[in-house]
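In this document, chain identifiers A, B, C and D correspond to the written order of the chains, with residue numbering beginning at 1 in each.
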Amino acid sequence: MDFRSDNVVGAAPDILQAVVDANQGTATSYGNDPYSERVEARLSEIFEKPVRAFAVTTGTAANALALSALVPNYGAILCHDEAHIHLDECGAPELFSGGAKVVPLAGASGKIAIDALRAMLDQTLTGDPHRVQPAALSITQATEAGTCYRPTEVAALAEIAHGRKMKVHMDGARFANAVAHLGVAPAEITWKVGVDVLSFGATKNGALGAEAVVFFDTALAEDFVIRRKRGGQMVSKMRFVSAQLEAYLKGDRWLALARHANGMATRLAQGLQRLPQAALVSPVEGNEVFVRLPQGVIAGLKAAGFNFHEWTDGAPGTIRLVTAFNTEPADVDALVATATKLAAAAA
Amino acid sequence: MDFRSDNVVGAAPDILQAVVDANQGTATSYGNDPYSERVEARLSEIFEKPVRAFAVTTGTAANALALSALVPNYGAILCHDEAHIHLDECGAPELFSGGAKVVPLAGASGKIAIDALRAMLDQTLTGDPHRVQPAALSITQATEAGTCYRPTEVAALAEIAHGRKMKVHMDGARFANAVAHLGVAPAEITWKVGVDVLSFGATKNGALGAEAVVFFDTALAEDFVIRRKRGGQMVSKMRFVSAQLEAYLKGDRWLALARHANGMATRLAQGLQRLPQAALVSPVEGNEVFVRLPQGVIAGLKAAGFNFHEWTDGAPGTIRLVTAFNTEPADVDALVATATKLAAAAA
Amino acid sequence: MDFRSDNVVGAAPDILQAVVDANQGTATSYGNDPYSERVEARLSEIFEKPVRAFAVTTGTAANALALSALVPNYGAILCHDEAHIHLDECGAPELFSGGAKVVPLAGASGKIAIDALRAMLDQTLTGDPHRVQPAALSITQATEAGTCYRPTEVAALAEIAHGRKMKVHMDGARFANAVAHLGVAPAEITWKVGVDVLSFGATKNGALGAEAVVFFDTALAEDFVIRRKRGGQMVSKMRFVSAQLEAYLKGDRWLALARHANGMATRLAQGLQRLPQAALVSPVEGNEVFVRLPQGVIAGLKAAGFNFHEWTDGAPGTIRLVTAFNTEPADVDALVATATKLAAAAA
Amino acid sequence: MDFRSDNVVGAAPDILQAVVDANQGTATSYGNDPYSERVEARLSEIFEKPVRAFAVTTGTAANALALSALVPNYGAILCHDEAHIHLDECGAPELFSGGAKVVPLAGASGKIAIDALRAMLDQTLTGDPHRVQPAALSITQATEAGTCYRPTEVAALAEIAHGRKMKVHMDGARFANAVAHLGVAPAEITWKVGVDVLSFGATKNGALGAEAVVFFDTALAEDFVIRRKRGGQMVSKMRFVSAQLEAYLKGDRWLALARHANGMATRLAQGLQRLPQAALVSPVEGNEVFVRLPQGVIAGLKAAGFNFHEWTDGAPGTIRLVTAFNTEPADVDALVATATKLAAAAA
């Protein structure tokens, strides 16, 4: 029973089937295929606005390429200090942007604090040649702490950023989980509250390997097809990537998959919360549960065959449990039951 | 009937099936899965030497990442003046290497002329700070002209390069076609004749989207897992990429696929050569046919529904016809028959 | 009376004269001149070890080029969170290194706290491809807070860094001031305590525009002449830069200039400390005084014609006063007298 | 007697004196000084147009920074195949631009052939993501062959470039020599014929180390102060650089210096042309003479103490003789006399 990550699981059967079905006849290569066109059209529908959308194969590439379209090489990219682009992408944004600086900002529960953003900007005069120039704000939704920004929270941050002529990027590796949790229209949490570009994730939520960079400000997309090629992401047989996205976006399939994962996380959290020694680190608003447990319980769970990550960036005794589109309720219940037994024995 | 490229076709059924079969249970993400391990082991077998192998999703990424491991940012990458890395990858090697310079060298039939290599090196003193430092030689096999370097040809170029402490890269987007044509052991055309790193292509020859960077000089691979991540190519559900490579490399499947494509190209070339107005631009030694035809024949073929590229980098009236692992003999014969009729009518 | 910075003043007369004297006959360009050779020899003498030394025209270039020789593009450069390379060089280290990441560490009085360094390293496993790899530690001596690391402090940091196979860089824009304050041999505060490369400043201490990158680990210098050219710092008439360094290093001229500047700062600090409302922010160990004063006193000093910077990176009411090799005692005394009067009036 | 280069000589006495005179009082650092302001105003006068001008310390930095303001990192910089930016700056344009590609074009006598430019552009569709995008044309004036473009020649190239929305850069390391030779107003050979940005050289023509990047299209200069800092060229005591430029530009001093150098080159060429075995490689239109001589004459000149470069990029037996603002007629005559004697003896 594997709760390590939503990328240790495989693909949703219908998404895999779409790949199989795409293996018919010839198709123009490098993204000029009908699958890719339909994905862009469908995303325009979902976001209630004509968007430009570009498929890529990894979330790191989606983020790094999107940011490279927003900032000059002397620009600063502001983000939360636990953001994936800051801690977990090995400098990909720096590579693709030609050396822009990723500047971390503090904030509780994985969310950038308004005051931290303001303080950073106050310290940096526009045009001061000594300092890198704030050029983009990157917001992670759902956050690295498993929480979700409310539309008003995004709006407040984006307004400040736009006031400094910065662009706003959203890292949506778990965007579906956020929309499912918030119960808002996708537009309400993106361009309507100031997001210019979205890394729209699908891999963690059931695709084999497919993400889309979605431009709400389509002027920013002008040279993106070039950046994508230069970045090694203009897949030759792109139909096999776009077909995944097409299946993912069919009806509300993407939200249904996320709702399941979220539901499993909630079930996990509710079960663990009943243990007196357990403490949730942040509210569970997506498919991730960060919880502090006694070391004996953690060790016992591992011994019992449950697989998960101890969270070294957090306080000692913190573990992360991630659910996915295909997590079985029985597995969740088994983990809770085992933890309960272990906790009782330790008490 | 589509002869535009070997990337407009789909995937070989067994490779697609391997992707389907890989959708079982959970697997460690980011390349630490058993599929990836088996691919490395199988490539070590095929090349008769322990290699390090890293799966990526595009040929551009394979080349650019491989080269970035071989050259400092002030290095020069020497290649043929029609090489993909020079003309068709939109500066990806420059991006991934931090601005190394790709220096084109002349040579007939897509092959670097020994004298061109020598002349370039003679012009550039080692350590002269005014000039970028020759650091890598990149050889395309099969070449962009559809020909193949003989082992002795690779050896001669590699020896000069190594004499200047340069590393030798092989762009093997169509490596299988070359090995199939030459009938040599893979080792004989790579590390035994001086190749340090190979971009081992699979996509054009039946995969959905999978390439491997294969290090024969494994010391050069030391930080490659980091470069791959930073370059946006550390696929989270890597098993779906590695499973393609595993199926591709099973037995001699990869060579069988290439043999078919090569055979179809030969059949095409033999058919067209019979036309008095047709002239092959280079010998057909892989799955590409470059042929000069009268404009009327070209127009007539297009009108008859044959799809292919006019080759703007070549002489006027040159077209490129590419066959693939699944090209039907009947389609080849139809093209030849139509061209024959058109040529006869024009004569 | 201008206390804004040690770069608003001109040049020491003997250094200027050396430039004038160098204007004789022809000299090989691009650094292959006898002046440059003599500078390297003299620095080897001063540091009691054969060093490699390379003149450049700015401190930013010295730091950025030096660091680019120490780190791969996926490397992390660790430094104090007030370091010039982090806050005040507009991303030059990122540009010259191809996108390495500058990671700020906390610490009192401008010095990196050992625990902050350890914590950062503990968080980052060597070889973990998700994270940039700690590759260099940069220590500023004298610090941005006007303090000086003791040899044991440098040794402790350097030992940890070397234990992780990192290289150690010292930003010595005010190196002379530190050596003058500490009263140690230059070797004792550099390579003997683990410094691999030093940005040896001269501009702030009396030169027109000249800095040297000094390699104690000469193997690291192997390609530096190339990096310097590529970085736009291989001055064609280099003799005019090297002549400055030669005059600067003659006898203990460089230390005498620094001793004067330091003495003036001490005189300033001692004078201001007598005011009950004044509070030094850090010990004065070089030529910079950071002091908190009542806003009325600050305004009064400005009105009286004293020129200096309010320190926006510090607490409100903090000003920075910088002395130089040519600061007049009378100007120092005038400032102290005026501040004393203003403070008394306000009390 | 040293004819190696115009950078082996020292500085003009009045320019050196200006540096000495600038050593008075304090001046705001980093380019915000009155010297720098006056230089910009004077250049606006000289070019009959309000320009933005930025002092830097080397020609390589001037070119690389100027180009970095004109091209995206996926851009191509088109230039002559002997251009300094292509052959002799060790990839500085690639570094500062984040990996743009320098694309060499053929042409006689150091000038880009119109047809070579057209052919290159015809081969590269705007927006084709496979190919780097032509973004800047760089014209060297005077050329690397010692010749000068006529205004109509610049206009013809610039018109084609602007027709593709490219920017036009002029590498004017020897701009004064060209203006002196052509006898045109500086405006006539720059912005009036389509030049957007000029690297305005002074070092080779009498300065110690000072160049200016001059923007005729001032919108392109918007972020240049930032690029200059990031590039390590925002000199702290900038007055010492700008003072050189101010003296250089006083009256027509810059042209007078160039006229002398040009006159000496003409005198050299006229003397050598009388030898039956001598052949000028290109017309002498500046301060450089490229001439083919018998090996015996070359060896004899060296033995007689004349210092110059054999030109390895040219045909065997080609030497380059460079004159400067301070070349003595007697030295020129001595070289001619010696060569004449050697040639006669050999005949």
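In this section, a residue touches a chain if its C-beta (ideal position, glycine included) is under 8 Å from a C-beta of that chain, and two chains touch if they have at least 3 such contacts.
Given the structure is predicted, the values throughout are model-derived calculations rather than measurements.
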item	value
Maximum centroid distance from subunit D, chain identifier (CA atoms)	A
Numbering shared by both copies at the subunit C-subunit B contact, with half separating same from different	same
Mean-CA-position distance for subunit D and subunit C (Å)	34
Centre distance in Å when subunit A and subunit D are each reduced to the mean of their C-alpha atoms	51
Gap in Å, rounded to a whole number, between the CA centres of subunit D and subunit B	42
For subunit C, residues contacting two or more additional chains	30, 73-74, 89-91, 95, 98-99, 129-130, 226, 229-230, 234
In the complex, subunit D residues that touch subunit A	30, 72-74, 98-99, 127, 129-130, 133, 223, 225-230, 234
Subunit D partner contacts - residues on subunit B that touch it in the complex	73-74, 87-91, 94-95, 97-102, 123, 129-132, 312-313
Residues of subunit C that touch subunit D when the two form their complex	2, 4-5, 7-11, 13, 16, 19-20, 22-30, 56-61, 64-65, 89-92, 95-96, 203-204, 208-209, 226, 229-237, 240-241, 307
